[in-house]
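Structure provided below as structure tokens; questions to follow.
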Amino acid sequence: MDIPPRQAELTDELKAALTSVSTATITSQLQRRGYQNCFLSGLKPLNEGQSMIGYAHTLRYVPARPDLAGLLGSNAQREAAESIEPGEVLIVEARGETDAGTIGDIYAMRAKYRGCVGVITDGSLRDTPAIKALGMPVYHQSSHAAVLGRLHTPLSHQVPIACAGVTVMPGDIIVGDGEGAVVIPAAMLEEIAAASTKMEIAEEFAIERVAEGAPTTGYFPLADENRPEFEAWLAKRNS
Amino acid sequence: MDIPPRQAELTDELKAALTSVSTATITSQLQRRGYQNCFLSGLKPLNEGQSMIGYAHTLRYVPARPDLAGLLGSNAQREAAESIEPGEVLIVEARGETDAGTIGDIYAMRAKYRGCVGVITDGSLRDTPAIKALGMPVYHQSSHAAVLGRLHTPLSHQVPIACAGVTVMPGDIIVGDGEGAVVIPAAMLEEIAAASTKMEIAEEFAIERVAEGAPTTGYFPLADENRPEFEAWLAKRNS
Amino acid sequence: MDIPPRQAELTDELKAALTSVSTATITSQLQRRGYQNCFLSGLKPLNEGQSMIGYAHTLRYVPARPDLAGLLGSNAQREAAESIEPGEVLIVEARGETDAGTIGDIYAMRAKYRGCVGVITDGSLRDTPAIKALGMPVYHQSSHAAVLGRLHTPLSHQVPIACAGVTVMPGDIIVGDGEGAVVIPAAMLEEIAAASTKMEIAEEFAIERVAEGAPTTGYFPLADENRPEFEAWLAKRNS
Amino acid sequence: MDIPPRQAELTDELKAALTSVSTATITSQLQRRGYQNCFLSGLKPLNEGQSMIGYAHTLRYVPARPDLAGLLGSNAQREAAESIEPGEVLIVEARGETDAGTIGDIYAMRAKYRGCVGVITDGSLRDTPAIKALGMPVYHQSSHAAVLGRLHTPLSHQVPIACAGVTVMPGDIIVGDGEGAVVIPAAMLEEIAAASTKMEIAEEFAIERVAEGAPTTGYFPLADENRPEFEAWLAKRNS
Amino acid sequence: MDIPPRQAELTDELKAALTSVSTATITSQLQRRGYQNCFLSGLKPLNEGQSMIGYAHTLRYVPARPDLAGLLGSNAQREAAESIEPGEVLIVEARGETDAGTIGDIYAMRAKYRGCVGVITDGSLRDTPAIKALGMPVYHQSSHAAVLGRLHTPLSHQVPIACAGVTVMPGDIIVGDGEGAVVIPAAMLEEIAAASTKMEIAEEFAIERVAEGAPTTGYFPLADENRPEFEAWLAKRNS
Amino acid sequence: MDIPPRQAELTDELKAALTSVSTATITSQLQRRGYQNCFLSGLKPLNEGQSMIGYAHTLRYVPARPDLAGLLGSNAQREAAESIEPGEVLIVEARGETDAGTIGDIYAMRAKYRGCVGVITDGSLRDTPAIKALGMPVYHQSSHAAVLGRLHTPLSHQVPIACAGVTVMPGDIIVGDGEGAVVIPAAMLEEIAAASTKMEIAEEFAIERVAEGAPTTGYFPLADENRPEFEAWLAKRNS
């Protein structure tokens, strides 16, 4: 399968929309459309309160095998760091193996210099303190100081990968917040952004009411009999 | 089995006693009385330095099954959030499954509004940043943005549950600190509070001596030959 | 096997060298020399930004067995805390079992009083908030309030142990930073300190160049054609 | 929730239909109707080539707790063995914990004497050789000689349970073959039996063709252009 | 700790007693005396219907470390195989790691030639088909063809070990049947043999009654009112 | 990376050589040459005593994603079954996920009809009894009746995969016996066949001597002083 050219354009408006909603809302909208496996399971944010949005730049590792570098004739990890484009998130398939590092500080710095807006690995980060100091959003499973050759050989980049239970295609949109990160298939970008914004407003209304003492029943989800009340609230909010 | 009416009254004195000792001390006293499975294994506090005490309000999830809502005729999650009483802790059995959310921000807000004093789940929290902002004590295994239907259907509330390796009966007392949370069977409340206070004082003495350079031998545990010294210290402490 | 007397002397210079490099660098140098299993897998620092260096003082737990205390005639945990020497790190083999505490606050305090410079367990810490307040560097897998007898009986100390995937001999050197901790076999101390310092300088150069926009290619690792540039940089740095 | 009276009647015809198809076929038909969690994950047959069909008689264990027997006033394990009806399968929720037995030989014998047609546990069997000698179909995760009190206390029977990732209601239909066992919600019994029979016939046709050298394409699944060929085959088969 | 000389003598009578009862019965008797961790968890018999009894000859592996062979000056695996005595069982601590072999065919053959009566490993067997052909009882967790150096270095033999959740001292008695294997502390040998025999007879009586249609109540466990019936049965059985 | 044309020819002689030695021997020879990850970890043979050799025909699954079939425009599973060549082994990457089937009976039959000589999956087999009846060698982790869409979408075939901890390239040689299966990189075929044959003969000698009562020391591995004895034995064996 050849990866088609980028299928989605992350405009400023879409970025604003998607970073103003939670990954919980986005995930919920994807689930309603049949995407059950879209939130990266078991990864945690490196920095408190971090937020992230960008295009997936994928990188695939396979179990270490000494003849692979020769067969491949290149180092996919370096290629990824040296070819990543502004606005992209470097996302690594490490088969959930945590007993060796995957991305270290120098490749992370180089990617950041080139405009990379975040790093995700379902394995371990290496040089965690130095990467934390970079201030770039990172989602990872664990940390480990061993070099990747202990477990992994880089195979290829910008190919479909499986990361933390989610299939990621190059060019998919990835959004992260304090809970974790979610993958939006490129073709779903506009639909999900619109639906998430709408849902978040409905929840804002519910939250206001619940904060005032209303029961969840009738407000979460919104019941038909409360729709006029919601519409009035919405009109006022948007005015 | 019908759940009998609340068997223990958490007076202000008992609250003060149990929150002035550590969960380690309480767990130790329960173990001495044969309760080996009382500390919730593998759950971590959401907020640094949080402390919690309350009655268990239990909620049970089972694996997702599409006909269950119809068979049950009600949503036990909503019922729990809408019926929880002041001073109760909402505690969820999620079979340790972390790949979907269990409690989200709106139900957590509602429970808090009704007087709920804490939330515990052996699965994943959803809307973690929003729940963290509520400031309520929470113990959980992980975080996940997927709605609970990905894995779970709520079955019933205020029934016996298994959470993080502990059997919890509605009305049991739950105490939490920076280490985690422990379940005190309702009928053991007064005995455990008294014994824990006593043990903590003995450890306070040991800690003072060790801080001054005494060996642990003879002070931890207290040896008979040091009992007079302890009694003198205790008399002074209480004067 | 008898443990020979201490085989390495941790001079102030060696301490300075090893705490000025990362555990990632040390691990990498050990891996190049065939030591694939030297970084403690899956343990996390208790305190943000902690740093640690010392000699291993090992302690071994085995599954709880009621006749063992009688057969042994002593408590290896107490013996370790009461015999630990200044500059040593107390490191515990708990078979990765986390459902009970291993080291609690009083033994940790005593060890610290005697000059212990850090605690490591591949099981759970007990009295986590109190130990955190001690300010001593700690690496652990989890926290649990149950006393150790729920799972463990101390067997012996200052014997070879397996901790978090690493074989540790008494007197080995342990270095910790924000990523985790690594075990340096005593006989490798000087070689690793020298090689790590040298590697860290080469990486410092690469990091400077990458921060200025250079590609990783040619600088990480250093290519022959850039060696003169590096040598010039190094001469300037050291002047 | 009260468990309603038995909702499905397992006639001889339905039994014959469901034991002449594979659990793979039944599971597939349930999945098409939205039941994704119906096959018991990770359990293996005790006896080579065993086959089983019956009504679920559920039994729930929770983590061992010394006051529970007193609170409950009865032993749900004994009650289950002494009240099980002919044609029922005893199915146990043991939270997937395998380090203690759940069902032993004497209760299994008693259940068999009363007409029980199979035993399922997502924990460990106890007295495995003796139970194997009974010749009753059994699905289990592992074997362990410890008595159940090491980990479990029986809580109740004929209540909804979670077993091996599946929610089971008393009176559901359970079918087992050499692959494992699947739970059919009682209300789905006739629909699933009919659909499974139909699907199995279509697969019988595909298998015949593939065995003769046909490609899977067009036969698995059946393409419209091959429907006449299938109809002719079917007419001949049924004549 | 020095290992004292063998503390228990496995007479022919004791052997006969212990191999005529099940490991479930022995485990149950050990549990009643406070030995909760005595049955080896998660190990399976290599040969259908195998039975085993002998003295523990322990062997300990630690994570692979290249300098260890030099430090130790000997190969504990070879030493174990070359020094094992008739009637001993070779039992290996492999930390539950299964991704490399532990015991292979040649060492197993040698041990068998010397009179070894069984092999146990909580890791993987290597050369499984060849070892199966030897016909010696084996309990293991898995099989793997890699040589042990991939994960392990042998450290010592005839020392206390932790195997499959059980602490084993050299000279302990190990009994195996179709369910698995159990470790009897040497000092408990006679007491456990006697108690197990007695319990097995009581269960034989219960089984007979249950097979005839009696309920478990009153017979399992034996109620006082049925004791005369049991005594009569026993008198007849022993006559 | 394009997969180059087949790089190794599995002649009858090489087949004979590799099936007359054990996977343990082959794995050992690969390890000596730096291939630490070559034996498929945790997979078990479906049929007692099965033996297998062939070229790898790889198939890769990724986590289920509803838009993938459309993006790909083909079904890699069907393509693999319909294009597999005589003498090939179908080997599936299922990320070790066992809660759904991967290969079922009809695709297995088709592959066998086309000359496929074995099936390997690091996930679950589906239709296990029917596949067992085919008599084809199979290595798998578990069995599950759910259709693969519960967890997986086929992505591509004849691409590099990671299966059970091993990187497999299309055209690699796979050998299986009663212990499991090992992957030989195509370029290593002749070297490994020769070295394995040689090693197996040396072990045959050692086994004979050990069977006669010789110690392993000096014979396993062969010591220089016993080389003349070995050479004499070898001359006689080959005459």
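First chain written, first letter: the chains are A, B, C, D, E and F, and each begins at residue 1.
The working rule: a residue touches a chain if its C-beta (ideal position, glycine included) is under 8 Å from a C-beta of that chain, and two chains touch if they have at least 3 such contacts.
Since the model is a prediction, treat every value here as computed from it, not as a measurement.
Asker: How short can a chain-to-chain path be from subunit A to subunit D, counted in steps between touching chains?
Answerer: Tracing touching chains, the least step count from subunit A to subunit D comes to 2.
Asker: What chains touch subunit B and also subunit D?
Answerer: Intersection of subunit B and subunit D contact lists gives nothing.
Asker: Is it true that over half of the residue numbers where subunit E touches subunit F are used by both copies, so same, or is it different?
Answerer: At the contact between subunit E and subunit F, which are copies of one sequence, the residues are largely different (under half shared).
Asker: Just curious, how far off is subunit E from subunit B if you go by their C-alpha centres, in Å?
Answerer: 39
Asker: Can you check how far apart subunit C and subunit D are, centre to centre, with Cα atoms defining each centre and the answer in Å?
Answerer: 50
Asker: Between subunit A and subunit F, what is the gap in Å from one C-alpha centre to the other?
Answerer: 36
Asker: Using mean C-alpha positions as chain centres, tell me how far subunit A is from subunit B in Å, no decimals.
Answerer: Each chain's C-alpha centroid was found; their separation is 33 Å.
Asker: Residue numbers in subunit F touching 2 or more other chains?
Answerer: Residues 36, 165.
Asker: Report the complete set of touching chain pairs.
Answerer: Between chains, contact exists in these pairs: A-B, A-C, A-F, B-C, B-D, C-E, D-E, D-F, E-F.
Asker: Applying the document's contact rule, which stretches of subunit F touch subunit A when the two form their complex?
Answerer: That would be residues 1, 34-37, 62-68, 71-72, 95, 153, 155-156, 160-162, 165-167, 169, 185, 187-188 of subunit F.
Asker: Which of the residues in subunit E end up touching subunit F in this complex?
Answerer: It comes out as residues 78, 81-82, 98-99, 101, 104-107, 109-110, 113, 126-130, 132, 142-147, 149-150.
Asker: In their shared complex, at which residues does subunit C touch subunit A?
Answerer: Residue list for subunit C touching subunit A: 22-24, 26-28, 31, 36, 39, 41-42, 44, 49, 165, 177-180, 182, 203, 206-207, 210-211, 213, 215-217, 220.
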